[in-house]
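Naming follows writing order (A, B, C and D), and every chain is counted from residue 1.
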């Protein structure tokens, strides 16, 4: 397996700053860095997912001047996202089928995605709230990352695209089974939830009071959806100033009443249980139906940061335990 | 005390006094209790009470408009209920309050950061508002599950400290905090007093506030939210605990509470028969700031 | 070229007293700086404290609310309620570090043309002295 | 790459109020650069006023006309702004979006059109399309109702069609009004009276939720199979092409996979409409 000295890797990464915009974990967010010394890992996952660099919370679609002449700027900066976890990388990949469609491709997202190299770092020590193995993935899954590095103390083991490995100068070498050992150890710590047939089970539950019962607890804030690395829903808003204006897309959340509120006053998802159903079904029924992947990567952020400790694992377990 | 809560919950469910009891059960993550909704008497054994029951359960009452609700309420929860009654949101006879004297909740995130566990329950981890709490006993209740605690009057040393800073320092502190805001509105949703059908940020005509996350936008949102709670905030701290970004937003409402107390000698949510402080006035109100 | 700073001041004047006071100041040819933009409102009790925050948000350098003297309110009690609201919002904004000069309140009756001009001058000078507002202001222009 | 968020500039060629109370306004638009793009009746466009926002509206003109027609009910921020438009004004236009009515299925079939209120817009487009290719279709029946006579859309055209004899028309209003010579009564009741045969026929329905709710049992009673009944849905929309996520019903997006659904499809979806 190809490997590199950590020090050398960081030096290489440092030299790429300038040519690339480099984002890396700084405390609880993935931020743009000017030097690799700024990188600060705090806990396993950054509190805020890296999706903000693919789909910013506020993104200008176009702007216009006083004469209403429209100007568009499609992002074209080359970027590297380093240090996110494999689940976050897979989460970004899971946005592709939504935004990179044949008929209405989203140029902003596609360009960003095309110009970004994602380097994730394997989780030697997963959290209690992790449940990525339930999705057939794991703490060392390179899917979605251009390069996955595994920290062995002094070295980084690298799996990924040849081109990227060469870019950093990963050398051929023998890891002495360390990768497999780390992988086994990490995966052993993660709770696996049985998701077999979850889509059909959910579909059969959609008109029952199952969702009403579980939605009692939820206070309908947007914490889970804003911190979720796979949630992408947005709102489009115009911002007007004296010298023109801009149309901006802004993250939105299916947990808000206003999300589906129509001008007439009619709201198809006024009830809390319907919004809860939307969130869970979107991730575990609609997404598999449409794109054959789950809309969840098991990062556990929604569990750790939920104000009322709404635990999606329990919901999945309850459904999984049901007979069809 | 837990035994008393369970027994009473079971009793009122069995006797049909209430349709459901809102309380806390053990959570699924460390140092967290989570709201639970008990509908069958035998489930009452799930109920717990500990130093990690940090949500304000009064936020759920409005959701069960057609039901009679039993609720496990500590000081601030009962004050929120009083406020909801004053503001005409619920009726006193529709809630059955199982009062719980409360010694304060612990800052779980601080404890986790320092690697503490449930055994390390210690007063030094109390949330700021709990440390200076003025109403540890429920102000109204139908049943009291434990011995009443000694009351101290509410203190605001944290606010006084901030007031003593210079203007620039105060702004620095404020902007440092709110700049982390992601506008997920967890503070609003966790607050029992934020029950508006349509929040001011959701109104698009007139549009009070744009959807951005610049300092101005998040500052305005946080100030606006706090001001809407002027003279209504029961200082339960649910907003700050709900914040996924750990923003110290309680500062603002505590400042308003302190002013309301100092200027108009009013504390929100104490007496059902009192009028809200901004719906009242006296001829002698202070006006030294007016030219 | 360095132009002198000319503050923008939004003056919310109550229709029955302060607005008439402003009128009287004008009729009496009293001089005061030209920075105030008058917004006539039915009563000082009509002022939603959000107007004050919104003013700052839009980049107004000073906000001045003026109503009838206590006891003179056309609607009997409007300014009493307003007084409580203003006290709280002023304290809150000061608490987070907004300069106290930016938020101004006054009672000016219909007959106090002189006082109106005097307060307008004071408010203008004070706001001018503290300079343009920077805190809580949203992006003012799209094209810089 | 085509940027689907970008509106094209369109000029208002005609603007008039439809109803006496000025709650409905019809505007005709033509693109400033280029021609009318091709579309299928039942598709919609996003009209956008820079600085105010966007809102989706069904296209009321047919692909054979040299303008896009929209009829707008004044309700919120954008629609109010659209009501202020006059001839010569320029606005943004994005489209065509959505799937449209499955006109290819309708060949050599009887077509029953049921509509209520100002939901008639896209059906005008459909009728225009059917009339243009009249020989390809069999009998066309229209049941159209509204609260008051002045709320009926495109009244002069309705009369024209009636005179031409190409369509069997049943126009109804909810309550008796002096001088009204046509039907009085709610759409479901009239539809029952008309009693169209389900043989070799398709039914297209578009109307307010209340009408749809009470018409569905009548349609079932008449014997139309669910896969031959089509209806056009309405939801809050932003992007219009299945990205922003708010308009889904089950896994389908009303903006992308709809707005026209068959009753068969809707049967299996969560009841969120």
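General remarks:
Keep in mind that, in the parts below, a contact is a pair of C-beta atoms (placed from the backbone, for glycine too) under 8 Å apart; a residue touches a chain by one contact, two chains touch by 3 or more.
According to UniProt, the chain labels map to these proteins: D = Heterodisulfide reductase subunit F.
Everything quoted here is computed from the prediction, not taken from an experiment.
In this structure, the chain pairs A-C and A-D differ in their number of contacting C-beta pairs, and the larger number is found at A-D. The distance from the centre of chain C to the centre of chain D, with each centre set as the mean of the Cα atoms, comes to 51 Å.
The geometric centre of chain B is 49 Å away from that of chain D, both derived from CA atoms. Inter-chain centre distance (chain A to chain D, centres taken as mean C-alpha positions): 39 Å. The multi-chain contact residues of chain A, meaning those touching 2 or more other chains, are 235, 237, 239, 245.
Residue positions of chain C touching 2 or more other chains: 139.
Within chain D, residues 76 each touch two or more of the remaining chains. Contacts between chains, counted with the stated touch criterion, involve the pairs A-B, A-C, A-D, B-C, B-D. Within the complex formed with chain C, the chain A residues making contact are 63, 65, 239, 241-246. Against chain A, the residues of chain C that register as touching in their complex are 139-143. Of all residues in chain B, those touching chain C in their complex are 162-163, 167-175, 200, 208-210, 212, 214-217, 219-220, 223-224, 226-227, 230-231, 252, 255-256, 259-260, 263-264, 277-281, 283, 285-287, 289-291.
Contact residues on chain A toward chain D in their complex (touch as defined above): 61-62, 64, 68, 70, 72, 74, 98-99, 101, 103-107, 110, 206-207, 232-238, 240, 245, 247, 249, 252, 254, 259-264, 266, 268-269, 274, 277-278, 281-282, 285-286, 289-290.
By the touch criterion stated above, chain D contacts chain A in their complex at residues 1-7, 50-54, 75-76, 79, 90, 209, 234-236, 238-239, 241-251, 256, 270-273.
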